[in-house]
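What follows is one structure encoded as structure tokens, with my remarks underneath.
Order of writing sets the labels: A, B, C and D. Residues in every chain begin at 1.
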């Protein structure tokens, strides 16, 4: 027995690789296809259209293939409404639930296509009737509630992977083709600065995800300037980042190293614990800024300039600070809000927090990822973002050069 | 004005480097010293003794120097009782609190030396009167309670850093001198196996700290054998490790890769979410084992053979599983109990969890650290453990070879 | 003014990505195209055909585009003979010379297509009249002689990039999609062993490119077994590899470490120099084997079993051995012969020698690359080989497991 | 039977660790010791003195121990003249030859201590009678000639390892304690600049060892400024470095990437070959500068400002250029001259050439090593230099910041 279904592709499906990918998927997964219609864009500004008849030996295989084609932008030719099924219990998905990609997605409901809100990957899609009509939105597993109407199967869903930039121009065109430590560093920094300026000019928000290496490597003052001058609208970090930043303010050291003279203060780690203890005594970072205990630094500038921050806890933390969200699920929820509100994201020397933020981003959000480890940069870029710049460089020279570019000496 | 204090060193203070370190500390920190007495061990089995008069220009500098000397095993010659001060509030330490090392430590109280219990680094020491007399024990900052009597200053404290092994023999002698990928791999694995056998023969407990790479790289079955055969007494991991292990049992894949055939199941990440959803439906891992849903793997062997495990949450997690401790402070407390009960620790391909466990270990606990990244191995070994073996190798070949060595083919 | 040229593509041009690449090249380089004909393979076993009219504003741009299209398998629709120009001097190419890819290539000469012999990248193509008619072959720059007839421009050249394997089967299908340390290690080793057995069964030759880490990490005896048992037909290495191997035989150490007991022989480097000195005294490796001075190891097995080896010198070398080719150009020539004769290449823990060998390989030669550094594996695989397997693992466990798989315990 | 020998140590043998090391060596190697005399420096500016009687079970073990003690600065108490033996053939050392360290070394000859000239490690020491009396100097194995009088055994040799700086001050004090990517980058660069200025002020010569990443990453113009302004007196590099530098001048690309606009010139590698071909046509780099073919860049500044350079060949090279020394032994000899003449060495993003240079340096020569890979920096620093600074950073931001520091914008 052979079963079959028709799928359609349109857009710049040749040069974006969509069509090649679709062919590969069918063959890799044991199916076969016939090209029933193919209308090629004859010029570079014309879109193409293809309709494939996909065949497989059994329904299960066919479903797998069609599901996979979906994820890559090949949608059923003759769509019906999406199938909805109730979640049987809190945090339990119905069998066959549709697991999202991070691409813009639409769900067919009562014959209409609803754009799925708060798009991010590895979620369920819930459809509900709201005041202003039906809505579709993502829910992570732990937010699923018993009775939620959840999309299952593959029908009635349309995925639109962003197409790659069509020419070399455009700020984010410059990084395609892999991560390498041997790229022209100063020129790349200039282009990142340009992208940040453009984002701000368009009223966008820039989220900085920051690791403690920023402080150790002496980039603290320059990052603080970027916050003060309005180039960082929100901050996502861990407890350690904030403690190092505050330790520097209170004791002039970062994990015991004086970042100016490079002298190793022998009381290193003690300062770290003291800094936490002092903030606890004051009741939190904001209170410590208001009381005059904390007088400079990244956290200081965030408080003074009203830039929201999320500090997420980890099992490695000392303390933690009162401001740190120690529950991972709560912290994820806070990070999710930040990610959904960001128009550009800088991932600066932290793998853990960058992955957490990246997990919540739609594939259309521009991302800049800077780390001295090529493996970290590769891992962060390898998540399907259409506009991603990776730079293997030293955060301790990157941030000063970026600040100089953006706000001068 | 010059202030001074006498400090003493004894033991194998020349070849362990203790004496050289003490000299360097005084000079680096701006003090000076006179060697008032020196009795050198004339043979290799004789200990040495030295008494130094340390001088500095002011009391603050002197205190800093003496504090630092403490941390490295040079103790005041004429000890008085330790100074105790009440914690002013929950999670706030008194000024000048003594921040611990991870070495065995003693506190002088009423003329007696109390050994500090539950020794680990970066903690405060609390002295309390118990039923059976006074006790001293460590407390992390977040466990400090208002009114705790906390050791401050440097007097009345004795630190005893472990001496390095005195000859090339001994299982853990073989790793001194740095981490390198170019060490004889099979021979090293044999020596680790010997150390594990000895630990078990002496009734000790082995704690395995495990990262998800163990599952991806195909080492799952061999790790499960080690649990079953009694070479792993407790497990410390993250939510991801357990989910990958269970996904393999339920769907035959690990993040979508079939670890036998290497075929890439196209539904990859969906299996991951399903696995979590199924366990939630059952009410937890133990329930899922009992109901027969989970039938093999590392978590299965832990449940069936009654090996306790701690799964700590992180902001990267999917789900999480009901068994995962999502609060970082609670998770740390659980990890702390594991660490204090371990007689040997295997750190297998996870930086985050290994750091969390390592933070809670006394310097005398033997540690084996295996990772494919030299930087990870170096970072984990660089914490003052006296008995640490690092191995830069592939966890996917290490665990099978270790299992073969310990329990045969 | 607009200039244009027709190019053709055929084969599995959709799923191999060739057509997408062609579209992208034209657009990236500032040209435009019209699809004049397109005959799509309607089923997975049917090839496709496309003819594009490529346009650009000037001849220089058009030539650049057409040249680039060539490199990726899009050939002029209406070919004329290739243009030949005389090399003006030794080691000097005529302006506009055609620089080769590593793909199978054909040159049109007197209306006939000649397959280019000794295909490798970054060379010039020389056409000469031989006894049996005209021949085309590659020449590296330093082998070009005054008067050589060298292909210039882009006309009359056809490049045929190998198509990617069409299904998941096939030994070398398993590595597509990047290099990761978290792949199932034992399963991958089994598949490499299978590929080696098949190569031998078909009468092919396996070239092993070896770095000194092989010896340090204790894999020497297992590699020697593979040579003895006929799984390594030729060896490419540096002076250091051979010296370490011989040092192990003469003194039981490798750079001073006893690879069995892991004891650090304190005379380490002296043994290294002695080993070289002894071989010089004997007159070379072969003589030292014959005189009974060298009695075991990789070099010993090569001599006894008549497997040719090339030892290339480097500025880091001690000695060197009399067998080492110290001149880089001569050494390259010897490596080139090895590479052209190999039907499968194992690159084992050496970047320098692997790059040198890889530079001389046609893209159709299967390559296995094993290194503990992900960056090394990525760099080596990133050279357009159609059949390449990368494995990030420890050479000290890889070779023993491979030997066990191939020749048993 | 027990055999014994007396050895002496003097200087700051406690805090430099020399004495601890000596104790460890004896015990590790199976001997025992008695401290016959010990005169401790009672204050930080006083040296100490110790005399040990070292015992072992047999003469071979004792010799091994004494040899090893030598290498670390413990010298026989009652020295006799060094033993000299004739080299039996060219490039063959007598049995028991003394293999050098890289520390300042003295040889006792006719009752006088001769300082060994051209000190470097892993060499033989030759003593010859010259015009102005006897001389001792190192010879690498391949320079040993039949009949050379070569030092054997351990008697009559004194090694003086440099002591570590005694306080935190001093430019090169700041790097002790390992390599980390998380050090304050801008402050470190300022301190390197200061050290360079001091070296020049004292009339010293700075040797820059350069890898091609310098050019790719856009640091070429800033390095050229440093050459022009007199901060680089000599250059050591490979063929690739020079070709990339010249390609940039001739075609505006580096391996095909325009380092200003970041556009990827599609003819990438062809430019590389052309650049070589053009230089060959001119007859060499100097000729190409003189003819006006090469008009800018690092090599240009070297020629115009008369800074000598050594370009060493490798089996990876294209071309090579006529200036490249293709024979590894000849290239080593040229590098050796450079190394011996250098008062400070910058190792910039090249492992191969840095190792080659480092092999020829005495341990007293200050070294700065900059690379983005921590493993490379660690490997280069781990060679016993007493004055070494390692920095894990991006060469593409390091060189511009260094140039700004030294010669302004």
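Going forward, a contact is a pair of C-beta atoms (placed from the backbone, for glycine too) under 8 Å apart; a residue touches a chain by one contact, two chains touch by 3 or more.
Predicted model only: the values in this text are computed from it and were never measured.
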Q. What's the chain with its C-alpha centre farthest out from subunit A?
A. D
Q: Compute the distance, rounded to whole Å, between the mean C-alpha positions of subunit B and subunit D.
A: 38
Q) CA centre of subunit A versus CA centre of subunit B: separation in Å? A) 33
Q: Determine the centre-to-centre distance between subunit A and subunit D, using the mean Cα coordinates as centres, and give it in whole Å.
A: 45
Q.
Can you list every residue of subunit C that touches 2 or more other chains, as numbers and ranges?
A. 28, 168, 264, 373, 375
Q. If each protein chain is taken as a node and each touching pair as an edge, is the resulting graph a line, ring, star, complete or other?
A. complete
Q | Interface residues, subunit D side, partner subunit C - complex | A | 25, 28-29, 64-65, 67-68, 88-89, 91-93, 97, 99, 121-122, 140-142, 266-267, 269-270, 272-274, 276-277, 280-281, 312-320, 326-329, 331-332, 335, 352-353, 355-356, 359, 373, 375
Q. For subunit D, which residues are in contact with subunit A within the complex?
A. 168, 174, 177, 181-189, 191, 212-213, 216-219, 257, 259-264, 372-373, 392-394, 396-398, 400-401
Q: Would you tell me which residues of subunit C are touching subunit A in their complex?
A: 14-17, 19-20, 23-24, 26-28, 32-35, 38, 40-44, 166-168, 178, 374-375, 382
